[in-house]
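Next come two complexes, and both contain subunit A; in the first it sits with subunit B, in the second with subunit C.
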Partner chain A sequence: MTTTVLSPLLRRVPRTWRRVIRLGALGAVGQVFISLSGMPVRLDVREIIVPILSLGYLAVLAVPVVLGVLLGRRPQHEEFLERPPGSRDLVLGATLGGLMGGGGLSVLALLLANFDLRDPLINWSPQLSEFLSFGRGTAFGFVIWLVIGGGLGLLGGSLRLASSRTQRVIMTMALTVVSAAILESLVVDLVEGVSLEALVEWMYAPRGGLTLVGAAVLAVVSGLLSLVGQGRIKAVQGRIQAMEGPRQTRVNLMLIAAVGVVLVILPLLVGKLTNELLANIGLFVLLALGLNIVVGLAGILDLGYVAFFAVGSYSTAVLTAATSPRIAPEFPWFVALIIVIVIAILVGLFIGAPVIRMRGDYLAIVTLGFGEIIRLLFLSDWLSGWFGGSQGITAIDGVDVFGLLTVDGTNPRRVFYLVLFFCAIAIYISWRLERSRLGRAWMAVREDEPVAEAMGINTVNVKLMAFVVGAVLGSFGGAIFVAKVGSVFPSSFLILVSIIILVVVIFGGMGNIFGVIAGAVVLIGVLGGPKQPGLLVEFSEFKLLIYGALLVWMMLARPEGLIPSARRSRELHQEEFLQDAWLRGQIDTDDANDLHGGSDTPAAES
Partner chain B sequence: MASASMWVPRTKVDWFLTVLRVLALTVVTVGLLAFIAQQIDIDNPFARVVNPDATGLTGPQFRGLVISGFAQGAMYGLIALGYSMVYGVLGFINFAHGEVFMVGAMTGMITSNKLDDAGLWETNFIGSLLFIVAVSMLVCTLTAVIMERVAYRPLRKAPRLIPLITSIGISFFIQNTSVVLLGPTSKAYPDMPEWLTAKRTFLEIEGTKIMVICVAAVAMLGLWLLVERTKTGKAMRAVAEDQEIAGLMGVDVNRTIVKVFAVGGAMAGVAGILWGVLFRSVIHYTGFLPGIKAFSSAVVGGIGNLGGSMAGGLFIGLAESTGPLLILEPLGVSGVSQLRDAVAFAMLIGVLLLKPSGLFGERLSAEDRA
Partner chain C sequence: MNGTPLLDIRNLIVEFGGLRALDGVDIQVNEGEIVSVIGPNGAGKTTLFNAITASVEADGEILFEGDTLLGLDPNQVTSRGVARTFQNVRLFANMTVLENVMVSQHCRTKQGTFGALFYTKAFRQEEAEIRARAEEILGFFGTRLVGFRLDQPAAVLSYANRRRLEIARAMATQPKLLLLDEPVAGMNPVESAELTGLIGRLRDEWGFTIVVIEHDMEVVREVSDRVIVLDHGVMIADGDYEEVSSDPRVIEAYLGHGATTK
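== the complex of A and B ==
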């Protein structure tokens, strides 16, 4: 903490206020950054609640609220040398923090009016100035952001004072309104599918965004629901968990069947665009499940997963397309798929074998290299006689299902069903493998390779198997991608794709099937894939930025992901886990040290 | 890992690896032999068999390649120092270091254009250049230090792959920050003065390349003096050897690690300007490939080994500029210049496959040495 230039000054300030100043400054920087990134101006067109709140303003306004909430939290001191802050101090602190955050924008408004930095900063524009001053002049802008920042900080801070019950209700209300606005196109599509247009017209404004009445009603309803439903869900969960083996399995099966039925019916109710979105989500679920086996189960950080996706795509294209430059056997898609699987296995072995013995971090970089080499080879003139170079292979037929119907990009609903079918296969494979001898071997290798080896596991073969299974699932993704898009170009297989799949896996929860699916649904559904738009179409410019920030934040705050796998999170928090155990008197100190010492060897981390 | 038994296959994977190594060496050897054959006599039967359309290289062409290779290699070496030092001290790959280099190149672009607008770029080129180097070093140092503070310090004790994943996230974030703040188009440096770009009579080398090599040499010398001759450098070496014991000996470990990031960032800043001088254009993904190549350089030289990093940079630079024409072209691969980046990646893989401990030996902390 001694590195900032301000540190000698800061050190004289009491610790609780230091936190306020630090977070306030951070908030100010964050808000200025968001403004200069062009987010507010660009997102202003997307309405959340029609006359009063757009996504652009939400992006900026969220910062002071979050600051307030963070500052309103009672700091947990390791030693109680200072008087713990009272509620009034906390609220005051939160307000001050919000004020500082807002102050950043005030200063920015002043600077915008007086300097021209448009040359390097493309968003240093009159529009931003107008946005920040609400069109009423610089002075107004300067004052209003202080007021807004302070007010929202106060709001966020006082939220903390309310009982946890109230807090949860308020959170639910806010989340419901925002998600209803974000999910607008989906909701509209779905509701119109069951012909309830009146509801939509009443809830959403004609040009997008919730109406005031709609938002209010939604908030009240969700608030009431959360008030009533509090504790119920937990109770039901508890009841299911309390059931004995066979009954629990039956409930689980019923749940899975219900989800399956919903997934089969859903595409029938919604339109083409939503089906396209669903198909994209499904495709990334498939890819993420594949990567999850490599990264999540076997603990091998593969940054070149796109290689398998690319190989699957290109080999499907070459085998099925009539337009393939060199050899064009024009197999039916399902026949080609079998050959694609064989090719994927070979490529998995070929890429896997050289890297399998490397240190975990070297392996990551080398797989990244392989991913890029494969793309560059497909792109090169040298092999363009085979794969079409930068022209790619176009006009590829869709999937012909037993001569009954064709699945191609013109009918996203069929593509979705195809994806769903393969996702089901992938889920089944993952689920079975996780509980198999091989799955346990993967986890053993992930947790401690030397020990796993000592236990008689052939670590090389086991890791290679992970590569191969991952490669096969990735190539499924590629084959479907080709059928869906009808063409392949090298530019579809940038490193970016690997990273986004990695973010999906990490965000959802490495090693947990449901986590990975949830990650794909949330991220790809809302933000979109590398080239595919999500629900927040306006976000497409910023989604990579958000993916990057999300990856860092996840690693810092919650490395086990949204829905963690129990075993994985225990590994990541081993130290705390051991401390807890020690505090509870479960292990004596010597054992804890032994355990700790054993986990510190580098090989355990690869 | 890399043991003496590397070449003696025991399992199937070992066999595969051995075959791969032998294959790689064969390709390189045959390519080189074919090149030598075609240089001796273009109608040499051996050269004709391998590549019927071989044209060979003239003396000046070859010299040009070597000098470009040296200039770029010097730049890679400077970037590699950052990878190498951080790996030596903290034991993880700071993937975002290439992005720090890109930030340096961008800073240089902005500053030099501003100077050009003010007319200083033409009237006082040397002064302007020194100024942009200083600004770029400052900005890069700050970037690297903030990065360490925000993202890496909280993860000091996490499993090794966690900071690596974090650094990928940071790299992504910095790249796209550049996109949203500065725009997604490629941006140009102002024109270099003519006396610099003109080919000198001395071996007909462009002045820019000589300058790049000189600047890199000076920066490297400065770094070497810092690490080997000052107290700070001693602290860095101590922390790299063993953080805990260095701490017990009264070294402020946190502060030293910050300094390591700062120095690495400053070197990347210098390299960023050198990139600007050499190629005169930057775009947000400028940092990615040089970053990868610099990391390969660090590995070639032996990670943690500073002199090795510089030598590794020169090796990678030379191999990259001459490799495609020396080895692939004589083998009859068409469109070799397109495969430059693929060659760079292949070199990375080759290095890690053949000699992961580097040519000059790794210097890692006690616990990373396993």
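== the complex of A and C ==
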């Protein structure tokens, strides 16, 4: 309705201004949505910079800035525009866009004061009204958001006019301050580990959040660093890439060794909570690496990966726990692990065999079903004699390492080392298999299954193999999970777990080991896993909303993931890739072919 | 020539719904022969290849070295020693040139997970062999698929090179019988003449028996020991190029009814 009324009006507006109006309106709606989701109010308790900025306000203030930055960009192909916008037009547009974005909140403040829609919208609350008006009445709230929106739009727009160098410095400063605030507990923990409490006391306020001085100093230091460091990192990267094979390998090995050393030392410096977080991240790295073999390497979209995690958990529980209902052999964890691997292989074959004969969407749906079937089996009355039904199995002992020490949930540092060990194994397995006959066959199957089969690859076996390797890595995750938590319940193995592992893989970069690790660190570390809290504990309620938004944004902006595998990004950007190759003169045209192929053409004499 | 033919097709029938794409075809191919299959569009040439490589269901009998190929999976047919190329080039576009040729040695190699994980001597040896064989095969096509091209994705290759890589990939499965589906389609005359020469060398130097589907009669005349003509799923002629090209039924199939009497 509105569009039919508005569109003739809109059509009279010049094209460049139409964009301003469209984005501004979108921003306004976005603002209202974010506010009514309850996020700002709930996140208001988390401080970023103590007296002036909380995470809640950051969530709504970011919108006009982003609008300003987007609208301040020069239009593409502006030489084809009749009247390209000048700098002043752009800044004006950015301001207007920001104003509209802020206006959304102004209108919301007015509505909140005059109507009560609490019934359908549970966050239509006095607290929100308070939040939006800064506790100074509706009129103030109405005006202030217009001012703030316009101001931030102007800021974002003018940022675009600055040189790219300045832009980068400012971006670095903002990012540093925000991440320093987000990573507060980690930083505090780490700094206390090396006993520099004074630094922490001065940087962070007692109730959390950066102090003004701390934020200012951080901003200046990071700004200076980025000013000095610009281009240096690129240069070093370039130098490493220019090295010949063996030397480059050595540099890479040294880097990996350095990271390894850091990972071994880090847990010693930080406290229990951080170690718990690290252990959770590690667990998801392990699971994501397993799923990466199935989805990333073999190209089988498995939406029921949690099944293997569940099987690993339950079989470990049954084999090690004294409280296991039916049989309780009470094996030591490492002995049980060997049996768990065998069970995982069998389950991988059992689930894989019917599933892999299907293709594409059908396969995904069936795996989704199997994931649920496994959980429901553990929940069922039929098997409750074995697995305890909804009561699960509790009081499971931790891992006993040669009688020297026990790894269980009470000591997250040890759990982290255990996870680290298995992650290293998983990385090694992924890395070796990718560069083997089997890895090549997976690639071929992913690219074109019928042709792979015509080239002599037994696609059924090869895909089953991917399932089995994925199942084994998933069961490692399960075995560690049981030792860490000390209990298993069917409710730990919801579909959500599969989805989150898949999001980690997609977000990080399918098919790339480093990408998958990065995905787990960012998503699980910051937002948290299905039940595990991340650094932003306050987000836990909105975790899925943010996961969803991130996934949508990622699919639009960077479908190949954070750290893509070269091959995947080629698949997704084939056209652009070919164009680039052509521009760089790498593409092989038939003419060029005749030029250098001509001389050695084996003549048609035979 | 010598007793049993390498490929012996008897009364081959392929049906799609009610349509008989192949209707009782009998073809014998002896070891060391180069046989061309020609015929108008829709005659069933590619269907013949699909039937041999088990990509479509077929009735009748296909004997390869005396054993039946019917009922096998495509990958089993390949490991028996039949390899093919595709009319519409179907490379693994995002794998490198080298990987394309390495991966198709799958059925001739056997190292599995264990060897890969423990990086055994046998594994390393086999990897080196696979790589060496791939480079040897690619070297057959002159300099254009080796050197820096080895590590380029197949997608950036020129059309002609993609066709060459398809042949290389088929060669890497170490077949006895090589089925080439329009190998020179879309090539310019220079390239097509060169490839014609290569087909002869594939038999003489590599010992492949070759069946080739081709529309370019120049190429057919050049390479074939024998020409088989299909029309509407039926074999209408079988003989050397001269015989076949003067056969009235063939001319009729290509030019239409009444062409011979003109």
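Rule of thumb we're sticking to: the second predicted complex is superposed on the first by the 560 of 606 C-alpha atoms of A that agree within 3 Å, B and C clash if a C-alpha of one lies under 4 Å from a C-alpha of the other, contacts with A are read in each partner's own complex, and residues count from 1 in each chain.
We adopt the following convention: a contact is a pair of C-beta atoms (placed from the backbone, for glycine too) under 8 Å apart; a residue touches a chain by one contact, two chains touch by 3 or more.
These numbers come from a predicted model, not from an experiment.
By the touch criterion stated above, A:332 is placed in contact with neither subunit B nor subunit C. In the superposition on chain A, A:542 contacts subunit B only, with no contact to subunit C. When subunit B and subunit C are set side by side, the one touching more residues of subunit A is B. Once chain A of one complex is fitted onto chain A of the other, the partner contacts of A:208 are absent, as it touches neither subunit B nor subunit C. Contact with subunit B, but none with subunit C, is seen for A:382 once the two complexes are overlaid on the shared chain.
Contacts of A:438 after superposition: subunit C is touched, whereas subunit B is not reached. In the superposition on chain A, A:499 contacts subunit B only, with no contact to subunit C. In the superposed pair of complexes, A:120 makes contact with subunit B only, with no contact to subunit C. Contacts of A:555 after superposition: subunit B is touched, whereas subunit C is not reached. Touched by subunit B in one complex and by subunit C in the other are residues 571, 600-606 of subunit A.
Considering their complex, residues 53, 55, 73-75, 78-79, 83-84, 86, 90, 92-95, 99, 102-104, 106-109, 111-113, 115-117, 119, 123, 126-127, 130, 142-144, 149, 152-153, 155-161, 169-170, 173, 188, 190-191, 193-194, 196-198, 200-201, 204, 222 of subunit C touch subunit A. Against subunit B, in their complex, subunit A makes its touches with residues 2-3, 33, 36-39, 119-123, 299, 301, 303, 353-354, 356-362, 364-366, 368-370, 372-373, 376-377, 379-382, 460, 464, 495, 499, 502-503, 506, 541-542, 544-545, 547-552, 554-556, 559, 571-572, 575, 600-606.
Chain contact summary for the complex, subunit B toward subunit A: residues 1, 11, 13, 16-17, 20, 91-93, 95, 110, 113-114, 145, 149, 151, 154-155, 157-166, 168-177, 179-183, 254-255, 258, 288, 292, 295, 299, 333-335, 338-339, 341-342, 345-346, 348-349, 352-353, 356, 367-368, 370. Partner subunit C is touched in their complex by these residues of subunit A: 428-429, 432-433, 435-441, 443-444, 447-448, 450-459, 465, 469, 567, 570-571, 574, 577-578, 581, 586-590, 592-594, 596-598, 600-606.
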